[in-house]
C-alpha cells in the first residue's frame, strides 16, 4: 500500500465521520503494522489517538477486525490475556483489515473517538467504498 | 538443554504444523526462561511471534503448561492478576513444559498462530515424540 | 491549531521533500504535544516514524527547535540527561516550533528520514511559507 | 524473505562462529523488523540474546549496518539520541542489512556474544556467501 492510498482512506473515513457528526482519530498502518498516516479531527478526545493506532495494529497483527478479536481476547473468550500482548491490543470494534483485490492483507484502519458502532461504520466506509 | 535439542524440538513442531496445514511461531526457552531458538513459519500472523514466547515463558515461570496456568490466572480463577506479572503472561494453551528423563524441568516450548487446540497439539508433538 | 492547518503544513513539508528528492516521515503535534497529523512518504526508513514524532514533541516540550535543544541536552551541554526525560527526546535538528502571528506557540512539526540538514529544511519550508 | 532463507543464514552464521571458536546469539528479522528466526549457541552470554535482536532491528529500521549507524548515533555523531528511539537501538557493529539481487532490502541479521569484530565477521559470512 502506498501513501496515496492511505490518504484516500483517511479522506473517506473523515467524510463519513463528518456526515455522522462525530470527531475521531483515524490511523492507517501497513501490513507489518507500521504507521502510514494519521489524523485527529478537531474536538476528538485525546485518549482516542493511541486507541485508533492500537485498533489498526490489532487488526493487522491477528489478521482480523478488532471486533472479531474481541470475541476471543476477553475473560469470557478462548484466549483471555491475548489482549495484553504486543504492547497492548484492543478488544472492541473500530479496527478493520484492509484487503487487496487478490485477497492479500494490505494493512488496516483504526478509528476511535465516537461510539464503537460509529467507529466501525467510519472504518468500513473507508474500506468498502460505494461501487 | 542444549541448542541441538532445542532445534530438534523446533523441527518436530514444524513438521506437526505442516501436517496440520497451519502456520505458527515456535519458541523454545530454557529452564530460566531465556530464549534458545525461535522460528516463524511463512504466513504466520505477526502477533503470534510474541505470544509464542510468552507461552513458553509462562510455562517455565510457573512450571506448568499454560493451559493449566489459565485455570488459575483468570478473573474466575484462584489467582486473578497473576497473568499480569512478569511482563505479562499467557492464560491459554500452547505453552508446554519440557521435562527431562529424571523429572527435572528442561525448559518449555510455546506455539502460537493456529487455533489453541492446534497450538497445543503442535507443542505436544514436539515434547512427546513417538516411542 | 486546527486539523486544516496541520494538513496544510504536511502538504508544504511533503512538497519540499519531493523537491529535494528525499523520503521522510512528518509529524505535527499541538501545543500540548499531542499528535494531530502524520504521514510517512513511500520508501522512508521505518525508524524515522518515531523520530519524526519525538522531534516535534521535543520542540513543544521545551519551546525550542530540536537543533537548539541539542546544544544543551548532550554529554557536552549544560543539561546532559535532559534528553532522557519525557520518554526520550531528540538532540538533533528536524523538530521546529510553530508560532502564531501573536507569538504564541501553536505546536511543532517534526521531520525525519533524510539528512538532518534536509530534515530541517523541510520543516522550515512548512513553518515559514513564502510571503 | 522466507523462513528457508532465514534458516540458511542462521546455519552459515553458526558455522562461521564455530570456525572462530566463539558462542553467539543470531537473530534474523524481515524488512519490517519482525523476527523470523533465532538461535543462541550453547555457552553464549545471556545478555547477547536481546542485543542480537536489536542489532538486526537497528539495521532494518535505518537501512544500514549497525556499525555505520554507530557513527551518527553517538555523542560525537550527527544524530546523538537517535540510539534511544524505537525501543533502544544498537550503536556498534554486528547488525548487517540483507540485500536482494535487485537491491531491495530483505531484512537483517544481528550477531552478538563475541567481540564486535567477530560478531561482524559472522554476520557477513552469512550475508556474503562464497561464490
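The first chain written gets the first letter, and so on, giving A, B, C and D; residue counts start at 1 in each chain.
Convention: a contact is a pair of C-beta atoms (placed from the backbone, for glycine too) under 8 Å apart; a residue touches a chain by one contact, two chains touch by 3 or more.
Note that the coordinates shown come from a computational prediction; the quantities given were computed from them, not determined experimentally.
Between chain C and chain D, two copies of one chain sequence, what rotation angle (nearest 5 degrees) aligns their Cα atoms?
So the copies are related by a turn of 90 degrees.
Just give me the whole-number Å value for how far the CA centre of chain C lies from that of chain D.
About 30 Å separates the centre of chain C from that of chain D.
Determine the centre-to-centre distance between chain B and chain D, using the mean Cα coordinates as centres, and give it in whole Å.
26
Report the inter-chain centroid distance for chain B and chain C in whole angstrom, where each centroid is the mean of the CA atoms.
Each chain's C-alpha centroid was found; their separation is 43 Å.
Could you pull out the residues of chain C that touch at least 2 other chains?
46
Answer with line, ring, star, complete or other to describe the graph linking chains that touch.
other
Which chains touch, pair by pair?
A-B, A-C, A-D, B-D, C-D
Under the definition above, what is the set of chain A residues touching chain C in their complex?
2-3, 6-7, 34-42, 46, 49
For chain A, which residues count as touching chain B in their complex?
So the residues of chain A touching chain B come out as 32-33, 58, 60-63, 75, 78-82, 84-86, 89.
Spell out the residues on chain D that touch chain A in their complex, using ranges where they run on.
Going through chain D, the ones touching chain A are 30, 32-34.
Applying the document's contact rule, which stretches of chain B touch chain A when the two form their complex?
By the definition above, chain B touches chain A via 45-47, 50-51, 54, 70, 73-76, 83-84, 88-92, 116.
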